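Note that chain A is present in both complexes that follow, paired respectively with chain B and with chain C.
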Partner chain A sequence: MRFLGAIATALLVVGAVGAAEIPLAERRSGYSFMKPDTKTMQDDDTANPGMLWVLNGETLWNRKTSAADKACADCHGNARASMKGVAARYPAFDKATGRPIDLEQRINSCRTNHQQATPLPFESRELLSLTAFVARQSQGAPIETGADPQLAPFVAKGRELYMQRQGQLNLGCANCHDDNWDKRLAGAAITQGHPTGYPLYRLEWQSLGSLQRRLRACITGIRAQAHDYGAPELVELELYLMSRARGMAMEAPAVRP
Partner chain B sequence: MASALINVPAKAKRGDIIEIKTLMSHIMESGYRHKASGEAVPRDIITSFTCHFNGAEIFRADLFPAIAANPFFSFFTTATESGKFEFEWIGDKGFSETASASISVE
Partner chain C sequence: MLPGCATAAELRSYAVTGDAIPQSLTGMAGDAARGRALVVERSSTCILCHNGPFPEQKFQGDLAPDLSGSGSRWSEGQLRLRLVDASRLNAETIMPSYYRVDGLTRVGTLWRGKPILSAEQIEDIVAYLASLRE
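Our next item is the complex of A and B:
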């Protein structure tokens, strides 16, 4: 505990220097911070546990559901063509609500409006599987999120949240992920926080998880009150992080320690 | 969503050493954890994995609570003849899954 306290104090001192954005040439995916064995696990589709969810997602994509008796495939056809590059543009602007929505929320709005099905709970196997299957079709594609000018005010709000110090440790995301990404925290690499591989398989979770789950864990880590799943703040943070990672290659489903 | 990912080369030359990789979806609940209410979460793990080639057992593993979720196995064998690999996972709560893959050996 005293050790962690010392780290927190050290971060506070360093953080006071102020957050500077990472130059484009120095942007690094969390992948580059990993050990070779974890990299191998991600790169090999038959060793990457995230592929289990992708496989399940493909089944769900083709399964007819609920009142409308429609499958995703009935409108969108073959996901390998129709969903290519789509996840690299999310969160995207939703005309109906006038707000950005992330990929999970898009899948659920599609279920509600077009399939007359109940929305799937956040972090449920089904929702993670469908998201992973859709995101897998963008593997290797450059992230383009935030290109839509309607998103600008929401990107700005997300950036504000990213910079905002909060919680008992009085830390903002930027204090670690902009200012100290080349250092370590209790033995683990502090990464730059580019969400290139979500949904991703975390060895710590023993499961696939969404970017919102990761953000909530980070917010709890600085001892602040985490926003609920689907909260506008989380989506704005996702939006800012994805637009901050613009140009980087999608890796979903990634593996992280 | 029990499902397996199997990687067996489709072709091999006689005498080649080939690698077989399997990944099985399973939570591997250790039985040592408790819920917030204090109740123990019952153990739910895969206990045994076997691989048969043309009916003969070529690989077997016993699994224990310390093994992580979604167990991954990689092992090697010598390609002797064309045939079929049959994989079987057995575990708690009546868990039983099978998968198979064929290889042609020249």
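Our next item is the complex of A and C:
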């Protein structure tokens, strides 16, 4: 992974880093906790199952849709140029709603507003494919999410949700991902919870899945009520996690156990 | 001492003396063999965090102390309070309160209003932990 650019970017935004954050020098992607064969699966495009979604996403990118008879490519051209670095800035501030939206929601807002098509359901093959294809164009780019000052109150909300204890087990995200990331939960390595690789292929899921899916799994794991897909709380958590990972390299489509 | 009024009816009352709950929650002694089976069962959540003398269990946690020797370190009453509500002894602890329903946030509908373990299950686990002498 390319760390030099990453470090430079992180230094620029260091003023915004919160007190409890893991210092940049100790920040580790979930990748670094994996066994060598799982790392190889991620690194080798021909072995990475996520690439199937990326390829499908490329097809969808170029396919004309619905009433407007426009493809993503008709507005955005070649994604390799136009989408480079974009996923590394999401969730981003959406002027229309005055709130942060994540990449899936951005893709759906393009579908409704510019393609006059119906939004794609969360976790549908099409939405995951388009998101994976767009995110892939940022592979290796340093995460920059949260730089926009309009996002500040939402980053703060996300951080509150991250710290808050909840559920029947009464645990907060920070209890595992800040305080115990070098330990094992029933034999599984607990990572620092950096969302560098989404959407990603989880061996346990036998599928690609979004960051919201992962967050809902952690929330259900502590026996709390999972927020619905698209809920403001999930987007605020995504936003906080991405801003907490600022400077780290994007890996999508990653592979995780 | 009654935890939470609205749901108190579902939990049996218990009295804390020092750092212990000296009396059995059910008025009866638990069953250590059932207790062991509960401790290693995934849905009880213990070995997500703890490890212990369970050589047959491949996946154990290391966020928490080894349960080996619990019975030589703690009395039954002390073990009971640690299971019922460990946060009374250490407000910052990550160990869940297994017999408490109040003071929790956003509990999922499947689990709402119920303690993680029943009084009988707590007693079985207490009996098992108390038997771990080394």
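The criterion applied here is as follows: the second predicted complex is superposed on the first by the 237 of 257 C-alpha atoms of A that agree within 3 Å, B and C clash if a C-alpha of one lies under 4 Å from a C-alpha of the other, contacts with A are read in each partner's own complex, and residues count from 1 in each chain.
Note that a contact is a pair of C-beta atoms (placed from the backbone, for glycine too) under 8 Å apart; a residue touches a chain by one contact, two chains touch by 3 or more.
Since we're looking at a predicted model, the values are computed, not measured.
Which partner chains sit in contact with A:Ala47 here, chain B, chain C, both or neither? Use first/second/both/neither.
The answer is first: A:Ala47 touches chain B but not chain C.
With both structures superposed, pick whichever of chain B and chain C touches the larger number of chain A residues.
The partner with more contacted residues on chain A is C.
Determine, under the contact definition given at the top, whether A:Ser207 touches first (chain B), second (chain C), both, or neither.
first
If we overlay the two complexes on their shared chain A, which of chain B and chain C does A:Ala226 touch? Say first, second, both or neither.
The answer is second: A:Ala226 touches chain C but not chain B.
Have a look at where A:Asn56 lands relative to chain B and chain C in the superposition and call it first, second, both or neither.
Touch status of A:Asn56: first partner only.
Regarding the shared-chain residue A:Leu185, is it in contact with chain B (first), chain C (second), both, or neither?
second
Based on the superposed arrangement, let me know which partner A:Gln150 touches: chain B (first), chain C (second), both, or neither?
neither
After the superposition on A, what does A:Gln116 contact: first (chain B), second (chain C), both or neither?
neither
Where on chain A do chain B and chain C both make contact?
none
Please give the residue numbers of chain A that touch chain B in the complex, ascending.
44-47, 49, 51-52, 55-56, 125, 129, 203, 206-207
Flag every residue of chain C that touches chain A in the complex, lowest number first.
Touching chain A from chain C are residues 42, 45, 47-49, 58-63, 87, 94, 96-97, 104-111, 114, 116.
Under the definition above, what is the set of chain B residues touching chain A in their complex?
1, 3, 5-7, 21, 23, 25, 27-28, 68-70, 72, 74
In their complex, what parts of chain A are in touch with chain C?
164-171, 175, 179-180, 183-188, 190, 220, 223-226
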